[in-house]
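Next come two complexes built around chain A: one with chain B, the other with chain C.
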Partner chain A sequence: MDYTVHTTPNGMRVALNGRMTLIDHEKFRAVVEAIERMEGQVCVFDLSSLEFVDSSGLGMFLIARDIAQPKDVEIELAGAQDTVKRILEIAKFNTLFRVTP
Partner chain B sequence: MIPALDLPAPIAGPNRISFSDCRVLVVDDSRFNREILSRFVQWVGIGGIDFAADGESGLERMAAQTYDLVLLDIDMPVMDGLEMCRRIRATPGWADLPVLMQTSPASDPAGVRCFEAGASDIIGKPINAGEFMARVRLNLEKQFFFRNLTDFHRRLQNDLKLARGMQKSLIPDNRVLADAGARHGLMIEGRFEPSDELGGDFWTLFDLGEGRLGILAADFSGHGISAAINTFRFHTLIERIPPHGYEPAEWLGMLNRPLKDLLPVGQFATCFYAIIDSREGTLSYAAAGAPSPLMFLDGQVTMLDASGLMLGVTRNPIMTADQVPFPAGACLLIYSDAVTEALDRQGHLLGEDGLIRLVRDIFPHRENRLARLIAAFDNEVQRPLADDLTAICISRL
Partner chain C sequence: MTSTLPGTPPPPLPPLPAFLVGGTLPPDELAATAIRHGLTVADPEKGEKPQIFLTALADPRQLINVLASGCRAYVERRGAADLTEDGLSRLVERPRSLHLCLTTAGTFGLDLAPLLCAAMELRGWLPPMRRGDIEICLHEALNNALIHGNLGLKEGPGGEEGAFDRFYAEIRRRLDDPDRARRRVIIDAAADAGGLCITIQDQGEGHKAHQGRSLAPPDAKSGRGIQIMRELADDVVFSDGGRRVMLIFRP
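Entry: the complex of A and B
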């Protein structure tokens, strides 16, 4: 997995691409740190280029949510393609995150 | 006269080499050289030094005594250093022993012949004390760390093998499956295959009485040791909170609460729990983010919705619960995500569509459905799998 982080007027946007799996834990730590430091109320994960996410990847989103909640930051999972969309559906992530097309 | 060098004292400790415990064999036909080399070796702090004057007596020494490093000259009577080195390397157990050879710049400047014979390192003549000592220490340290790592690896492998046996004992064996199947008029097949020595998958059966059989399959996030420990915790939890007398969703909710307290944020379990009632011909289930089990009946494959928040994520679980007919001839396939997330030879995910296609091809014949499915699966996907594989196939007779 690779990622880029951009500041947006109301928070930040993290674009993820490739496969998000167990081995990306260290990389994702930097994303979590960025959320800790961020200004604004919305953190958008752009998933349009993410090919796959496994259970460890879902766990990383949960960790991000855990950090974001006390700061009143909302996490949005945007633009997931078929495979990732199906995985988010099975996990009913729409009950925890704002999931947008 | 050769000046003594100021060398830093070796730091003691279990992860540090103790040179005084090392034993070195010096093989050289010149008594003068043996004495000089012996002095250098002593300066390194080596505790044990033995000598031989030719290759053959050197090998005799080695047969009688274990050495940590062997120092060879090339030109010697009876058997030269190159031949002795070749024989060392041909001996099982000495393949990684540090062998240092003294080379002469005139005959073999780059030490090519020495390395071809299997030398670990070369020391050019005339011998420079500092270089000599540095190379001896370096090669001894390398050997020490290599041995440490090998020992550690071996110990870990043994531990993992034991732990794997323990994990397998949590999963119903063939006898249990045959007994439960006979009592409930079912054919039950199971496959459990951790991707590493240990895995995060778990499944089991419960005889609930009155013709009811419970099937629980769970998959802890991640894999390897930490996920495996979670399966043991889960097993303990189930012993404490057995499913008897509860509806599927009710029971999974009861398991969710302690799991939420137990698991750190980011760890969770997907879960599918079903009760097959062979008298009523029904299957009642509840699920928390599990892969959609497949129902095969009259040549048709349908997917059961097993979506839901995984166990251990929140205090208020959101699960899917349903009851569907499970008449004679029906077959249920429960599987871990490793199946649909397997990659085919072109690198594409097998996916739910791929699995449904395989099931449609293979399940019309009732015998050995799961074994034949796995064989067809193996034929299409790349091994090894990235995740733990569990598959359970339950056919009503």
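Entry: the complex of A and C
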């Protein structure tokens, strides 16, 4: 998995691409640290180029949520393609995150 | 025209050609293994391609090439005394089947699910529209076999701070244990009119993760792998105390 982080007017945007699995936890820690430091109220994960996420990847999004919640930052999971969207649905992530097309 | 007198046994059938074996083991070891298992070493100069490939160490590029060439069994040696208990030719007797036998250390270094899916797609075994489902189920089953099976970690990471880091550090520590690192993960895939059946077997102590049918709470940091498999495969059957899982995908 690769990622890029951009500041936006109301927070930040993290674009993920490739395959997000257990071995990516160290890279994702850098993303979580960026959330800890961010200003603004919205962190959008752009998932349009994410090809694959496994159960460990889902756990990483939940860690990001744990960091964001005390800061009143909302996490949005945006643009997931079919394979990733299906996994988010099975995990009922729409009950925990703002999931947008 | 031939005829057989009543009461006389039919003439013996010509012997079946032995399966061809090849790989990256030292030539004398390959030859000795071939004799022991009743196989013939493939001669690349005659254009012969092995049906069974024995490798010293698993390698993704090699695995892709070997499976693309039509090979049906890929077995990693890495320090193990015996390649298989049941005989190598048994691995390829069944038509439309694929067999991978890899060590834990070898499997961990490969992103195996997409490689195996590519090989099955090449063979026309993946029902249209199911590739994504099959890949994620296979990936989760392999992770379970490695982490909860052969490496013996009973639980996934919890919700506390640094849980993923500690979990991953423990995986690396256990991969350094030679006894755990050379335990096998054995994958058998077979396609027929009833669909695709993939069996993943590990050599761990067994685990009970599959017995709880209740779903993980939505915000749990781990425990979703089996839930994903049950949701996306047509059937998921655990056996051998959790060491074997069979995934079935119907057409």
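The definition used in the following text is that the second predicted complex is superposed on the first by the 101 of 101 C-alpha atoms of A that agree within 3 Å, B and C clash if a C-alpha of one lies under 4 Å from a C-alpha of the other, contacts with A are read in each partner's own complex, and residues count from 1 in each chain.
To be clear about the criterion, a contact is a pair of C-beta atoms (placed from the backbone, for glycine too) under 8 Å apart; a residue touches a chain by one contact, two chains touch by 3 or more.
Please read these numbers as outputs of a predicted model, since none were measured by experiment.
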Combined model on chain A: chain C and chain B, fit or clash: clash
Chain B versus chain C as contact partner of A:91, first or second or both or neither: both
Contact breadth on chain A, by residue count: chain C or chain B: C
Partner chain(s) touched by A:52 [first = chain B, second = chain C, both, neither]: both
Chain B versus chain C as contact partner of A:60, first or second or both or neither: both
Contacts of A:39 with chain B and chain C, given as first, second, both or neither: neither
Chain B versus chain C as contact partner of A:29, first or second or both or neither: second
Touched partner set for A:2, first chain B, second chain C, both or neither: neither
Of the stretches 27-35, 45-53 or 189-197 belonging to chain C, the one that collides with chain B: 189-197
Residues of chain A contacting chain B in one complex and chain C in the other: 21-22, 52, 54-56, 58-60, 62-63, 66, 83, 86, 90-92, 95-96
Complex contact set, residues of chain B against chain A: 219, 221-223, 265-268, 270, 289-292, 306-310, 313-314, 318, 337, 341, 349, 351-352, 386-387
For the chain A and chain C complex, residues of the former touching the latter: 19, 21-22, 25-26, 29, 52, 54-56, 58-60, 62-63, 65-66, 82-83, 86-87, 90-93, 95-96
In the complex with chain A, residue positions of chain C that touch it: 111, 114, 132-133, 135-136, 139-140, 143, 156-157, 159, 164-165, 168, 171, 218-225, 227-228, 231-232
Residue ranges of chain A in contact with chain B within the complex: 21-22, 52, 54-56, 58-60, 62-63, 66, 83, 86, 89-92, 95-96
